[in-house]
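Chain lettering (A, B and C) follows the sequence in which the chains are written, and residue indices restart at 1 in each chain.
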Amino acid sequence: MSGANKSWTVAELAELVGGRAAGDGRAVVERVAAIAGAGAGDVVFAEEARRLAEALASGASCVVVPSGTEVGGRTAIEAARPKLAFALIAEVLHPPRKLPAHIHPTAAVAEGARLDEEVYVGAGVVVGEGARVGAGTQLRAHCVVGRNVTVGRGCVLHPHVVLYEGVSVGDRVVLHAGVVVGADGFGYVRDEAGAYHKFPQIGTVVIGDDVELGAGTCVDRAALGVTRVGRGTKIDNLVQVGHNVEIGERVVIAAQTGISGSTVIESDAVIGGQVGMGDHARVERGAVIGSKAGILPGKVVRAGAVMWGVPVRPLDEYKRLNALWGRLPQMRADLEELKRQVRELTARLEGGKE
Amino acid sequence: MSGANKSWTVAELAELVGGRAAGDGRAVVERVAAIAGAGAGDVVFAEEARRLAEALASGASCVVVPSGTEVGGRTAIEAARPKLAFALIAEVLHPPRKLPAHIHPTAAVAEGARLDEEVYVGAGVVVGEGARVGAGTQLRAHCVVGRNVTVGRGCVLHPHVVLYEGVSVGDRVVLHAGVVVGADGFGYVRDEAGAYHKFPQIGTVVIGDDVELGAGTCVDRAALGVTRVGRGTKIDNLVQVGHNVEIGERVVIAAQTGISGSTVIESDAVIGGQVGMGDHARVERGAVIGSKAGILPGKVVRAGAVMWGVPVRPLDEYKRLNALWGRLPQMRADLEELKRQVRELTARLEGGKE
Amino acid sequence: MSGANKSWTVAELAELVGGRAAGDGRAVVERVAAIAGAGAGDVVFAEEARRLAEALASGASCVVVPSGTEVGGRTAIEAARPKLAFALIAEVLHPPRKLPAHIHPTAAVAEGARLDEEVYVGAGVVVGEGARVGAGTQLRAHCVVGRNVTVGRGCVLHPHVVLYEGVSVGDRVVLHAGVVVGADGFGYVRDEAGAYHKFPQIGTVVIGDDVELGAGTCVDRAALGVTRVGRGTKIDNLVQVGHNVEIGERVVIAAQTGISGSTVIESDAVIGGQVGMGDHARVERGAVIGSKAGILPGKVVRAGAVMWGVPVRPLDEYKRLNALWGRLPQMRADLEELKRQVRELTARLEGGKE
């Protein structure tokens, strides 16, 4: 959600995004908006040709269009990638709300904790002994930062985030409400009597810079060693990241996906929603896994592969098999008809013998 | 969970549910109960014939039975739909606990917030500037009501609900523990260097009257515009509702289902558990989607259709295909046998030529 | 996560796990560790032959090895099951942190609540009227223990756990951050106007001794009666347990699985991640359900069966069908070839007649 915004001129924004201003470069825009209902002070964008006429006809003060678009005198910004330009413009028009340095009287900050300058500590926040929170970071209401946790600079922890003891979070990380980092991994050993004993879950979690974790997402601590989420990785809501998982940089994972213990997802992979990954699997660099797919334990998905299904197969193969599956009734009918014809042929031949 | 209950007579309850009292209409009942173990003061119900004998033989003070049932002098309520009557009786015998008007000393209510009469504000609750909470609403422990949030009348927010800035909640809404409304939608644009920039997530969420959201469920704010959950819709636990999703009225969604961005679910649809819906899909009015189904991005499910599978097909077709799938080994054997027979026939024919 | 640890000698640990010390039995170990990077004071283990050489060559002060392993003078513990021994050793070297008896000044403990000796009550904790908390139990920050809840002895409730009114939790139970026990089950009855009325959800939940529930997991209260989780059962993160579900003893359930109302899982069953179970199903004693499987409503999985797929079939059958599914293109080609051959045979026969 956005904080306060300041006005920018079209010319300034064009420069910011490496684009070209058309029309009135001194026009002022205050916010980004959807095309429908856009008005004065709004900037909208049209990446696809089919949205262009509508965008140009809107009441927006500025339209971001593909480079070389004929805008007929309209105030606009031409950009190689209008949607990216629009996102960059939104970043400056709608910066995250910056809460002022403050420690709420109901917060409980341990004496041994270290808060750097400009830290916001909301109502009910708990910061344990030995914890360290970097400059400009916001700990919103009821966040619990455990003993010896490290949180970097410029982070936003939305309400009710829980960081268990000893985990580490980089700079500019955003953790949405209810995120849990560092709960015990799920590993047990059974004894002769059938009782489960916890395999030690005494490792930690390291979250890289510029990571964003969605609401309710859980990242478990390693059994021994480290569970890692690499720099610039973005994870949606209600995702489960098991113990000792290693996620690379700039990975995207959609909602409700679950990743079992010790699985590796290399950088630049894209993982759909509700995907399940067995333990000790590996998704190599830049691979794409479709939503609801299932990856078996130990499976390796090669770099750049695009996979779907349970268990995963190459997308094209999976689609072909799915189509054939839909033709099973026809195949079965063909089979019955062939049986009939072969019986008839056989009968004729036998008849011919007589 | 129920609050205090008051006594009702069988005659009063029969009138309440539009049914007919049989036996002692002045008998008093105090609570609803399961048939097994029911005793004095309890009311039970039997909707299906197979439960009737057991219900009538129970120790319950009153049995709700289908209209026209022969109860042999037993105190009972005849109703067209006993289960519905039972639910309506439970509503009056077990109203939700009404907590008194109160602001806990550890709550942090911003000066600019407006609480109407009879609002309950529990321990650790945070209410931001510009927020408004309607009459009789209960904000239980540690709920966080963000800046400029609107909550209607007669709502119950169970502990640890988080409403991000600016979202709006109707009247008589029930939000279970850990619900998160208004976290950022999951949308990014990649730049040339491969880094992800957040597509603006500056819209809002509007939750209609009489909605219930289960524990841990997340409803993301729109990118631009509004994510909507319509009046009377009931959503189970751990469900993910993406940005710009529009859910109609009286929709039912079971646990752990995920709905991707901009998808529309029209009124009176029924969605099973662990369903996944791609973005920009549309489930039309009254359609039914079976549990674990997958709906592809952009797919339209027609009004009233009953669908299942990944990707969804009409239920009957899906079941037929599943059955055929189970016969694949037989089909394969048939195919091998046919090959053998055709080879034999061919050999005979060739032999016959000689 | 582990608390303070004390030193043990190799001989003491060998005795503890019923193993045999080799080498220097007086050597002191302080912690368990992964083989890579292990050093003085560490104990590591090797269960499989392929890890043995690496473990013996590590810098660890002690290696737990299979009984009868030749360790060449190395300090070691021989054990029948090294991984189990390692887990038992970890239990004593890394006991859960014991927080001291304490009631934080921001906690809100109702006058009528009863806390036994040595209870830890963290910041912002709420304990309702009539609640009872057993000796040595830790209620960490912001836990909400509702009215008339019973929590046993020696439990750890991590931050932000919510126990709704009236539920019961056994001894030595561990509830991870954000667990919700006792929210309303998901059951409604529709009236003639199409509106949903809540079927009464006024039962309760009983959690047995030695249960562990993962972060964000939800266990709903029964409609009427009791939702049960049996002694020694371990449940991973973000699992949904519906109303009136009965889970036996020593059941293991992996992350993101969902169990619909009134389903029964008998003791010693093992359930994978992202499994979905329809209502009124039954998984009998010791059955194993693979990840992402789907169990239809009312389905019975026999004791000891190993099942997979949607809907579940015996694992071997499912794997065979999956393999055949991959051969559908070949089957289809075979079918077309057969059609051609039969046409040809038919033509020849007809030709022969002329």
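Observations, loosely collected:
Simple rule for what comes next: contacts are C-beta pairs under 8 Å (C-beta built on N, C-alpha and C of every residue); 3 or more make two chains touch, one makes a residue touch a chain.
Note that the coordinates shown come from a computational prediction; the quantities given were computed from them, not determined experimentally.
For the touching copies subunit A and subunit B, the fraction of interface residue numbers used by both falls below half; the interface is of the different-residue type. Superposing the C-alpha atoms of subunit B onto subunit C requires a rotation of 120 degrees, rounded to the nearest 5. Subunit A and subunit B have CA centres that are 26 Å apart. Multi-chain contact residues, meaning those touching two or more other chains, occur in subunit A at positions 106, 124, 142, 160, 178, 216, 238, 256, 274, 310, 325, 331, 335, 338, 342, 345, 349, 352. Across the complex, subunit B meets subunit A through its residues 106, 108, 124, 126, 142, 144, 146, 160, 162, 164-166, 178, 180, 182-184, 186, 188-191, 194-202, 216, 218, 220-221, 224-225, 238, 240, 242, 256, 258, 260, 274, 276, 278, 294, 310-311, 313, 320-321, 324-325, 327, 331, 334-335, 338, 341-342, 345, 348-349, 352. Those residues of subunit A that touch subunit B in the complex are listed here as 1-2, 31-34, 36, 81, 83-84, 86-88, 90-91, 94, 97, 104, 106, 122-124, 140-142, 158-160, 174, 176-178, 210, 212, 214-216, 232, 234, 236-238, 250, 252, 254-256, 268, 273-274, 291-292, 310, 322, 325-326, 328-329, 331-332, 335, 338-339, 342, 345-346, 349, 352.
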